[in-house]
Structures are given as structure tokens and as C-alpha cells.
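Pasting the structures in now, so scroll down.
The following pair of complexes shares a single chain, subunit A, combined with subunit B in the former and subunit C in the latter.
Then we have the complex of A and B:
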């Protein structure tokens, strides 16, 4: 058993220096991948950005008391797809409007405020779909206090499609990086197997089966891969956390730093580490086979 | 019938009486009778003149009264006209104030309308450029959508404001034109009323001039009447003197024949009372004009009534006051139809202002015999003139007959 275990770390014994350099490189790469993974995970692709930019406006009828409007906003906020619902009184609406059209302020100095109050409804990023929006809109339209619901029916499908494409693109990019990393690791493993071919032949001449050597090396690569992935993702997560704390603007795109500590995030990190372990093992085996067959 | 004419009639009756007396007088008194006739003729002429002057004066008084009434009426109308003009002026003043206020309101509304229009156009420009700038911006699509919606509300409110101001301005303009029409109508009315006022003033002045003429004429007539009456009085005194002379002659003649004692005028009522059967009232009624000297307020003169006037119901029968013979029945100027009953002994009763005679001249009548009838009158009242004469002298009928006063 101890012999087997020694085979796991044979590369370290035979080629410690280059393997240390490789490990550092892989760690750094895992840091990047972990950063990207967590960013992708938190942002949901472009969903977080879109959910931050998209809002349903429920324009209230005139002369609705503020207390009534606040009560209605709280009821709307309780809907499952709704992230937040905030009531803006006519005065606030007028100020926002004048900020958007500053040239109008002097024109209507004596005319008073013609705008009603409204409730701005934000959808959860993970529920930003056509169905989720329709559910909220139909609920709003059934309320008698609501004069008009502005949900961007004209441009929302295009927006959702764009978000979907952006998410796919981000995931594809991540996958491409992952694939590239895998190929790079395979090349490293093959190169090391070639360089250590004499040593492995010596062991074979003394009765150690080649398959056992390959499996032991793969097991060692899997363990190191798992650990490196976990550590790299944790480091990447830490960097993301710091970045999000430093640049709050990114919260609108990626999400709040607190989301990094959610169990689902941790589970995703574990799954990613396991996957990395498997990929590392696969790269080790494929590199071994490539070295034995003489293929590149 | 004026009191002057009554005086004239009295004199005429007296003259008639004297005529009867003279028929029985002495032929030796022809010179006195001639003088009496001349005086009587002159007196009659003067009485006619007096009557004419009195009627002219009455006419002048009537005209004066009418003219004064017209002046008063014109004055009242002028006052009313001035009040109306004052009201019209106040109305015009109030309308002008309203007009000014409304014109100012219209100007304000026009200015407000212009500002609102400009504001709307600028807002539309801002909305257009803002919408163009925001189109396709993916960063805040919901905010942009909301802003566009609010811009529509804003523009709608602005357009509604412009429409409201336009409507208000149109209404004000209509109101203004209405007030202008009212002002024009009121101005026309004022002009008309002013003309009416001027006409009234000129009519009043004309009426005043006419009144002054009438008053002058009245004074002249009054003066003339006074002068005539003075002359008549003098003339009557002459006639009375002549009558006294005649009576003196008659008395002397009777003395020569009967040797009876002369009868004094104070005994005249007793003489009437001593008539056979006594005397009775000619008709039931009330004495409205008394015997003797009376002051006439109308002409401001003192006249001598030779009889009384008894007011009775119109159409009432007139009875003889005593037994006698109808000496005269005919018309006398100023007294209308006059009937004279001679009771003998120089006693006569005279009934004036009769409508019809029911006894003929020369017919013997008894006390209470109906000799005539009073005229019908719309008022239901007529007046009987009754005079009693004893020896050519008029006596107070109420001293001989019991009459209601």
C-alpha cells in the first residue's frame, strides 16, 4: 500500500522542481478559472445585469394616498419573482422627470406637477424570464389603483434574448478556457512522462507494472488537481470578494459579495474542484498514453 | 255761471221788476224813466262786458291751471328723465369698468396662451430630442420607457392647459363682445334719453313762457274785471237812486189815493209772511249761496248777492212760494230760464236756472203750484236761484221762508 502511495508522488520525487513550477502555474490558472466561475455563477451570465437594468413601472392613478401606495408596494414585493418594489410619490416622479429633461423645469414653473406616483418593481435575476414578468404584470394590472403598467413588452423579448446569448457566450468562454487548460495540462503531463520515461522503464524492469504507475500518477494528479482547484477557486473568490467590495458598481453586474458565501456557491466550488480533479487525472492518463505511444 | 254773472242777472231781474212797476207808474216821470232806461242800457252793456271779461278770466285761469299742470308734469318727467339718465350713466360707468377688467383678462389670457403655446412647443422639442437621444440605449430601458410615458402625460397636460386657456380666452372674448354690445346699446339709449330730456326742457321752457303770458293776461283781466265791477257798483247805485225816486213817486201816488202808511224795507219779510196762505219753500234743498255781500275767493272781490242758491236733486220740481200770477217766464242772461211770480203789493218771487217752465206768463198760481223743473245733472245735483223782492228791494229769502242752510 505504501508502495502504491509512493507511486502517487513519484513525479515529485523524480522531477520535483519542474513539477513545483507546473503546480504554481496551475494554481494561478485555477485562481483565474475560479474567479471566472464564481463571477459566472453569481451573475448568471448577463441576467444580473439585465435584472438590475430592467424594471416594471406601475403608474398609479391620481390622488392615491401615499399610505395606500406604500401598502400596495409591500404587497407587490411579496410576489415570488419580485426582488423589490419601491413607491415613488408624484413629487419624486416629477424630480426624476426633470432630471431626465432638465429643459422643462422653467417651462412649467407655474403649471404644477402633472405626473402621478408610481411603483418601480425589480425582478429577481434568476426569475427574469417572460413567464416571471407576465406573472407580475398580470398581477399589477388587476389592481384598481394602477393606471398603467409599463413592462417594456415591445423590447423585453429582445432584451431577454440578448441576455440569453450573453450568458451562453460567457459560459462558452469559460468552457473554452477550461478545455484549453485541460489540453495544456495534458501536454504538460505528456512532456513530463516523456522526460521520466527512463525512470518508468527502470521501474518496469524491476517488476512494477506500467498500468499501476499510470494509475498511481493519475490518482496523484486528481488529488493535486482537486486541491489546486479548491485553493485556486477560493483565492479567486477572495479576489472577487475584494473586488466587489472595492468596486460596488460591479455588484450590478456580478452580484453582492455576500452571495459568495451562499451554500450553493460552496457546492458549486466543490463540484468544480471535483471536476478539476477528474480533468487532472484524465490529463495525466492521456499524457502517459501519448508518451508511451510516441504521439504528441 | 260766475258770481259776476249772477250779479248781472240780479240786476236784470231787478230791472224786469222795475219794468213791471214802471208799467203802473205815473206818466209824469217820463224823464226819470228815460234816464233809467239809458242807465239800464249802459248797465247791461257793462254787465255783458263784465260777463265776457269774467268768462275770459275763467278761461285764463283754466289755461293757467292747465299750463301749471303741464309744467308740473313736465318737471316730473324731467326729474324722472334725469334719474333715468343718471341710472344710464351709472350703468355705462359700470359697464366700462367691466369692459376694462374683461379686456385686461383677455390680454392676460392671450399672454398666458402665448406662453403656454411656447412652453408646449419647447416641451415637444425637448421630448423629441430627448427621445432621440435615449432611443436604443440599453442601460436604462425601463427608465427610458417611464420617462417617455411621463413625457406623454406632461405633453397631454400642457396641451390640455393650452386648450383650457384657449377656451377661457374665447369665452372671455365672447363676454367682451357682449359687454361692448351692451355699452353700445346703453350709449344709444343715453343719447336718445338725452334728446328726450332736451325736448322736455325746451317744452318746459315753452310752457313756462306760455304760463307767463297767461298770468299776464289773467292779471290784466282781473284788473279789468275789478274796474268793471267798480263801474257796475257805481252804476247800480245810480239805478238804485233812480229806483228810490220811482218808489218815492209811487208812494206819493198811493198816499194820494189810499192814504196808507209807507212800508219800510225792514217790513218786507212780514209783508211776504202776510200773503194769503203764507209762504213755503220752493223745493227741499240746502242753501249753498247766501244773501247779501259775499267775498268771492276766485276773483278776490266782494259781490252783492240779491238772492240765494238752493242745491237740490237734479230734475226736482220747483213750486211757487206763494199765491200770485206768473209775471215773466223766459231766458235771462246769466240765469238761464227765469220765472217771476207777482204776489201783489209790490212782492215778487224770482226762480232762476230752470230747465222747463210748467206755468205760462199770466197764469195764476197758488202756493205750492209746480211752476218749473230743475235741469238734469250727471252729479245728481242742481241749483235753484231764488230771489224775493218787496217794493223793488231784494230781501233775504231765508228771512221770509224757512230754508235749510
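Then we have the complex of A and C:
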């Protein structure tokens, strides 16, 4: 067993200097990948941005008591797709109106506050879909206190489509970077396998099977790939955390820094690290095979 | 015990040699002397299990090396040490790198133990304090002695040396004479392939046996019957 373990790190033992440089480079790239991955995970592509901008407005009938409207808002807030539901009474609605359209104060002088109270409903970024919005809208429309629901249903599908395309584009870009990175790793592994070919031949001559060398190297690559991905993603996550704290504006696009500590984020990092470990092992085996077939 | 029966090699469109029998006993040192291009390196690679002969068979401790199990062949190769006549493949390495690689081939040797044994072995072959030297910067004699010391790190049961005595040079012959005989006395088998056997060694070993183009000498081992040491 000890022999197996010593072969896991055979590249480090035979070519420590160049491999250390490669590892530093890979770690830095994993930091970038980790930063991009966490940004993508938290933002959900363009979903967080859209969810931040989009709201459903439920205009209430006149003379609905505030307590009743508040209770209704709380009920709406309990729906699964809803992030928040806040009641604005007619007075607050009037103030908002004046902030948006200053100089229209005379409208009120004619016959009191012309604006009704309303409930502003915000959707969770991960539930911003046609179905999610329909669920909320139909729930609102079934309430007798609600006079009108403004959900932008005529342009919402186009907006959601645009958001979906933007998300796919972001994920595709990330995937392309990931694929390019591992293609580069494969070339590095191949180059290293070629440069160490004499040492592997030496070991094979002395009874160490070539297959065991290849598998042991792949196992070592998997372990180092996992550790590098985990460390790189943690470092990238740290940088993202600091950035979100320094620039709160980005929270609307990416999300709050606290989301980095959610269990699902940690699970995603573990899955990413495991995937990186598998890809590192595959790059090692492919590089080994490429080096051997190139030598024949 | 390494035995070779009716060995034959066909090379370059003709028969290089055929029907040769060898027997290399345990705890002994042998010199196989032959002129250039007679197939000494080839013979060693066949005896090591690296190259299947075109005819005949090699038997190690009663088991066929080429017709037996792969595991047996691997175990035998793992117990062998081999110093090549010349190599340019390892010029990028340092002497310490040679020892590190050799330790890998022999399983895990702790770093501290490896360094301590490295220093001892290098001093034994007349290269004390050279572990940081680059192979590319060493002379042929120094290289071959460094390679020999690195092989000895694993304590091989069978040691094959190809042209080591000639490459090491006359000043190192006495040291090698003592080293090979000491290894044999400790129970190892040493097989040396040389173009010529040094005169003093030939005087001690007697006439030797003629096998095809080869002349096979058994070196006298101190402490064994009939040898004064």
C-alpha cells in the first residue's frame, strides 16, 4: 500500500519545481473559476437582476382597512414564489407618486387623495418563471379586496425569455472557460508525461507496471484537483464576499454576501470540487495516453 | 539461480546467436566478456526479463520468466538492478534525483533514511558529497558510479551492469572488484557485461567458459570454499 501512495505523488517527487509552478497557475485559475461559479450560482444568471426590477402590483379597492390589507399582504408573502409582499396605504402611494411626478400636487386639492392603497409583491429570483408569476397573480385575482393586478403579463414572457438566454449565455461562457482550462491541463499533463517518460520507463523496467503508474498519477491528480478546486473556490468566494460588502450595489445583481454561506452554496462547491477532481484525473490519464501513443 | 536454455536471437536479418546455455548461481559474481556488437546488452535485457528471446527460455528459481505468470516476471524485475552502459535520458536529473527515482521503484523509503543511505553509497563508490551534482555535468566514470550507487539503494537481489567496469576507469577497478564480491558474499547475484575482463580479475577467475561469442567468468568470492579472499 505504501508503494501505491508513493506513486500517487510520483510527479512531485520527480519533477517538483515545474509542477509547483503549474500548481500555482492552476490555483489562480481555480480562484477565477470559483469567483465566476459563485457569482453565477448566487445571481442565477440574470434572474437576480430581473427579480430585483420586477414587481407585481395588486391595487386594492377603496376603503379597505389597513389591518385587513396588512393581513392580506402577509398571506401573499407566504406563497412559495414570493420573496416579499408589502402593503402601501393610499398616503404612501400618494407620496411615491409625487416623488415620481413632482408638481402634480394640485390633483389632490380637487377631491382628496385619488390613489388607492396597493400591495407590492416581489418574486424570489429562483422562482421567477411564468408558472411562479401565474400562481401569484391568480391567487391575487381571487381575492375580493383586490381591484386590479398589474403583472405586466403582456411583456413578461419576452422578459423571461431574455433572462433565460442571458443565463444560458453566462453558463455557456463559464462552461467554455472550464473546458478550455481542462484542455490546457490535459496538454500540461501530456507535456509532463513526455518529459518524465524516461523515469516511467525506468520504473517499468524495475517491475512497476505502467498501468499502476498511470492510475496512481490519476489518483494523485484527482486529489490535488479536488484540493485546488476547493481552495481556489474558497479564495474566490472570499474575494466575492469582500466585493459584495464593499459595493452593495452588486447585491441587486449577484445577491447578498450571506448567501455564500448557505448549505446549497457549500454543496455546489463540493460538487464542483468533485467534478474538478474527476476532470483532473481524466486529464492525467488522457495526457499519459497521448504521451505514450505519441512515443510509439 | 538464473538459467538460460538454448537462447537464440535473430537480429538484422540474421542469427546473432543460437542455442546458448547459461547458468548464473546465487551468491556469485559473473563477468560476461565479448567483443563489441556481439549482443552483450541484448543478453542482459533477456536475462532481466525485458526482451523475450527469439528462441529458448530463461528460468529464474525454477520458474519460466517468459512463459510463466506476469506477476512472477514483475516480481523478478523488481528484485533486479540494472546499470546501463550509456544514457543521455537522465541528463536533466541530479544525483539525488537518481536516488529518489530508485527509491520510488523500490517502494516507499523515508526521506531521512534515503538521504542517509545515499550519502553512504556515494561515499562507497568514491563520490562523497555529490548528491546535488547534475548528471549532465559529470564525467562518464562519475555517472556510471552514481547510477550504480542509486541502484544499490534498493538492495537488488540481482545486479546487471553493462560496461560499468570499463566506463568507471582503471582507478575504480579495485573498488568495484571489492564491491561486487562483497555483494555476492551477501547473497546477491552480480552479472557484468564487459568487452574485456580486467587482467587481474581474469587471473583470479581462471579461464572462464566459452558460450557462443561470450566468455563467462565466475569471480572468486572471499570466504567461499577454495578462495583466499
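In this section, the second predicted complex is superposed on the first by the 285 of 296 C-alpha atoms of A that agree within 3 Å, B and C clash if a C-alpha of one lies under 4 Å from a C-alpha of the other, contacts with A are read in each partner's own complex, and residues count from 1 in each chain.
Heads up, the rule we're going with is that a residue touches a chain if its C-beta (ideal position, glycine included) is under 8 Å from a C-beta of that chain, and two chains touch if they have at least 3 such contacts.
On a predicted model such as this, the values are computed, not experimentally measured, just so you know.
When both complexes are superposed on subunit A, subunit B and subunit C end up sitting side by side without clashing. Of the two partner chains, subunit B is the only one that A:54 touches; subunit C does not reach it. In the superposition on chain A, A:78 contacts neither subunit B nor subunit C. With the two structures brought together on chain A, the opening angle seen from the C-alpha centre of subunit A toward subunit B and subunit C is 180°, to the nearest 10. By the touch criterion defined above, A:115 lies against subunit B but remains apart from subunit C after alignment on the C-alpha atoms of chain A. Of the two partner chains placed around the shared chain by superposition, subunit B is the only one that A:159 touches, whereas subunit C remains out of contact.
In the superposition on chain A, A:148 contacts subunit B only, with no contact to subunit C.
When both complexes are overlaid on chain A, the residue A:14 reaches subunit C alone and has no touch with subunit B. Using the contact criterion defined above for the overlaid structures, shared-chain residue A:205 touches subunit C, although it does not reach subunit B.
By the document's definition of touching, of the two partners only subunit B reaches A:101; subunit C does not. With both structures placed on the common chain, the touch criterion links A:93 to subunit B but leaves subunit C unconnected.
Set side by side, subunit B and subunit C differ in how many residues of subunit A they touch, and the one touching more is B.
After superposing the two complexes on chain A, the shortest C-alpha to C-alpha distance between subunit B and subunit C comes to 61 Å. Common to the subunit B and subunit C interfaces on subunit A is no residue. Residue ranges on subunit C touching subunit A, taken from their complex, read 48, 50, 73-82, 89-90, 97, 100-101, 104-108, 154. Considering their complex, residues 119, 122-123, 126-127, 130, 138-143, 145-147, 149-151, 153-154, 156-158, 161 of subunit B touch subunit A.
Put simply, subunit A touches subunit C in their complex at residues 2-3, 5-7, 10, 13-14, 198-199, 201-203, 205-209. Every residue of subunit A that touches subunit B in the complex is listed here, in rising order: 53-57, 59, 93, 96-97, 100-101, 103-104, 107-108, 111, 114-116, 118, 120, 148, 150, 152, 155, 159, 162.
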